[in-house]
């Protein structure tokens, strides 16, 4: 009797063994390509093919807008593939949806490296997401290039020789906008509204390096999390209005910029808006605000908004790069929107092609990195300022121009391109000319 | 009646062994470790990363399972406890050079402490009210790193120095070992706990508060204990995730994670430790599979991008309809059917585990 | 002072929207003891229905009505297809199915309409500009009045339905004593379908009200669901009046915290407030008196 | 505390274990118990009877701490039970059964009884988590006592079954075993005979008489045959007040009691139960 009862209370710790068995059986069922040997040659490169990969949010709260970037870059690769490829090699671009969750970034990046044997991780999006794979990619000697984030952390060539940034880092951007505010609105009261994460905080850091502290009458922020914009920005904008801010600098994503403009309009509050390039994409904003001002003044809410740009304004219809971009995207990116994000992806795709071109016929990781570090000036791209890659710097675009949005949504330059070649360095005027379109895009 | 006793000649000594949980568990643990060593060395490095991920997911889900299956409380904020464990361990790893076990223990302790603090008001809350509070907790914990960004480095997160494995072992394999070892220990500890008088007390409190009190149990103490143990497991999972990802950032601990853990638990089978492994496998592999399937499709990019989550949603719905007690419950029912028909296969299968003898608590009378 | 007034008005309009979401959750909780996590996603879907009608230049009031009707249909379908097989199963199962549905519906919306944010105009071109009262400009537009008004109308209609119609009587009977209701000849199954339909209509209204404020994307309703759920818990899940009060209190609370303490305190403050209230009243502000069984 | 027990030395004799003095409880405007006083001693079976709604279960709930009295005091071995919580009673040596069966559905019969044996446990949660030998030993000890209690009530054969699958009388015995397993000094039983057949009831009476040597028993019961046959003393409640106390014979003869049971003879009421 006793035994029968005891045998009922089976040692539950058999959980350990059974779970191991479950895991083992599951793994045995799952096909794994990873067990195959890594090719001795340069991974991801054959005589006819180059495999590139990326992780980016295609769904979820972070996806709006950003989900246009990778497909736009891919459109450039499709165009190049259709026109003979780079040195005869066609580009395969593997896009993984990490939903802006570092856990998924780690998983997919390792998959790209170890199962798909990518040559390089091109245009991975986000600071926390890309930080989580930075050391992995460097340890495995996989280039992590054109990281889509304005963190200064991508430029650490000694520690992370395989990592290269892309867009101007947020502090540099903030400095240029801050300098403009100081010289043009130096006597006005200034307020900040920023996303409470590294993007916003770094931007504010840059602004504060130029704007005297006593001029800043109000600082408001919002959370970059799912619920962050759930209650709108009414309370923040009300607080800035109460503080009497006459100039409001925004370090916001486009949806938040639009919400701030909406809230201000509702409050009959009309400060001068100075908006970082990240959140000031006029086509996107006009699309969002058009519904609000229907039957009234069109995109008039954007009138007079000041922002910076390191790529040609999308509204510059005659810009040859923009015309090329629209032609390529129309053909190779079904259902594309012409806005700052697709332009960004296009520029990134062009730069990638240029770098592969410069790396030469004998493409290796070494020749690729060498092309970036020593031929940065030769990488033709739509940027208004050069990419400053060197052996000691991996920043990316080094500055921007400042533009004002007109009543009809065009952007007119109010400050010619400025550049900052080192993070703590002075702002200087960039006197170079925009790149012309290289030969392989003129076929 | 005495089936086990007379089945095998050595059964008696086996039976004696089983009554000494410590020895028995150590033996099982050594066996499991051997199996897992073979497993981790026969698959690719990438698969080792996945094994490690499955292991910490399983730990977190098992902790949640002890809470929901054990004491009947629902947490929609277990991601918060993972976050606390991850930040606790991550900060230690960032600032001090300590043997790995210390930061992990700090993470566990921090999570258990928060679990106790949350568990106290939670003793008065039932069902959705508790879900509401834990949900709010998950949101709040996600925003704290930006509020105190000098300590937590805000949205960018803190970088964790991944320990260099000894003797030139591959780091991914090393992580898989650590995570699996932790997972096995956790399973043993949780199984012990649920099998002990505390587990019994938890079930008593879950099923009938009044009867439990009349029998001399303090339901509030049991609920707080369940929360603390459950949070400690989540804290361990968080610490391992920090080590695994090399970064601790609020983006890893979104509300979606908490919801995923709950879904994983119910898919696997609420209240069972084996079910936690099924849940973890589902959470890790379903996106992988759909991703590899969708990458071969050539439809518009918005469709392929969303297909992955759509399949996950469908899977959740289908499992809940086809196997209401989760995968483990379904397997167990299948096993029982097999056992009724005596066959050699049935006796070869080891009996499934049973944490909560009934996965369905009796319906509460509504007011 | 102006700041206080503006924060109050801002909080009121958002609070009304949270209340509509909370009402949808309460209706379903009362009838089926399920927290419907798919409520927000379904509302996003109905808002997309309206948006695609607007894209085809259909009258905005027609689109508005279409969204509400779509809410009724989606709610009924959800109950029939996804919930019906699960009654009597472990109580967590239907909840997890609504989570699966949330993920599925958001993906479907994303697959069809993409994840790009889009602006939605208020119906009938109702103005979103604030109004002038004396010499002060208030953060209160015609659309804010419309928000409050339509949520109040919804509440009153629901009240009338429950109190003074036979359908309402049947719904209350089915919710609180399904066995008795069945004996009295009430077709409880059909009544449950109606309940889900009405609840999803409340969500659809919330979607149409919030879209002009925060733009439409597949995840638009995620924060609304979270705050709406908190509001429902705060008010008491069994009480429609509690949903209204809980919603307004949440809206005001979040607005004040955001305006005075900064946005990073919003969720922390909301969580502390919720814990504090529930510690005193474990079943929400409008909890029904509960008999003790010994 | 000491003062309190000195106040009524005459009432609390050397054997008196439980003492209820002037307890009053009201729900809303309704007075459920009105100045109720009585005592129970070691080795004594005390019955509490009265018509429906007389406040019998409320009285149990006050003693256990489920309900707080508005006035009055309850003492246990001369110490006032001031803010006792239901779960603390078991540690003081007082156990109870609930109306119906009150078994825990998710646990087997044996486990149910082991829950009742837990006041005997000595090891902490840490050794349980680690599965230390001390914890295993503890577990064996609890299991042995639980089996013993089941065996005493003749239901050991059902140890591994889940309560819901067992006949009602068996369930009642398991519930009784749970109350007795920790060897209490006083057991409160709420309607132990309800739903039992007459042969089961006879068996129960036998058991109750047998328990005298080990503990005091306080029962609330409708079945007059059982009460009259087993109780040493009876407390009669009506509308929340004690209307009579005494031996079965005294109570039976008391006209007030007959009156309370709607003028009907006591035996007629009993056959209803």
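Read from first to last, the chains carry the letters A, B, C and D; within each, the first residue is number 1.
As a convention for this text, a residue touches a chain if its C-beta (ideal position, glycine included) is under 8 Å from a C-beta of that chain, and two chains touch if they have at least 3 such contacts.
Everything quoted here is computed from the prediction, not taken from an experiment.
Of all chain pairs, the one joined by the greatest number of contacting C-beta pairs is A-B.
When each chain is reduced to the average of its Cα atoms, D sits farthest from chain B. In this view the innermost chain, defined by its CA centroid being closest to the centroid of all protein CA atoms, is B. Rounded to whole angstrom units, the spacing between the C-alpha centres of chain A and chain D is 72. Centroid to centroid, with C-alpha atoms defining each point, chain A and chain C lie 35 Å apart.
One inter-chain figure worth recording: chain C and chain D are separated by 49 Å, centre to centre, where each centre is the mean of the chain's CA atoms. The set of chain D residues touching two or more other chains comprises 66, 98, 108, 131. Annotation for chain B: residues 19, 21, 25, 139, 142-143, 146-147, 188, 192, 195, 210, 255, 302, 305-306, 308-309, 361 touch two or more other chains. Residue positions of chain A touching 2 or more other chains, listed in rising order: 1, 4, 6, 13, 58-60, 63, 67, 196, 223, 225-227, 335. Chain A meets chain C in the complex at residues 58-61, 63-65, 67-68, 196, 220-223, 225-232, 234-236, 238-239, 241-242, 254-255, 258-259, 262-263, 265-268, 284, 287-292, 294-295, 335, 337. Put simply, chain B touches chain A in their complex at residues 1-5, 15, 18-19, 21, 24-25, 28-29, 31-32, 35-36, 39, 43-47, 49-51, 53-54, 58, 139, 142-143, 146-147, 149, 154-157, 159, 162, 171-172, 180, 183-184, 187-188, 190-192, 194-195, 241, 244-247, 249-252, 254-257, 273-274, 276-278, 281, 284-285, 287-288, 291, 295, 300-302, 305-306, 308-309, 350-355. Chain contact summary for the complex, chain C toward chain A: residues 2-3, 6-7, 10-11, 14, 106-107, 110, 114-121, 125, 128-130, 132, 137, 139, 141, 212-215, 217-219, 222-224, 226-227, 251, 254-256, 258-260, 262-264, 266-267. For chain D in complex with chain B, the residues that touch the partner chain are 64, 66, 85-91, 95-98, 102-108, 111-112, 114-116, 118-119, 121, 125, 128-133, 135-136, 138-140, 142, 162, 178-179, 182. Listing the residues of chain B that touch chain C in their complex gives 68, 74, 121, 124-129, 131-133, 135-137, 139-140, 142-144, 146-147, 210, 255, 259, 262-263, 266-267, 270, 302-303, 305-310, 312-317, 320-321, 324-325, 359-361, 363, 365-367.
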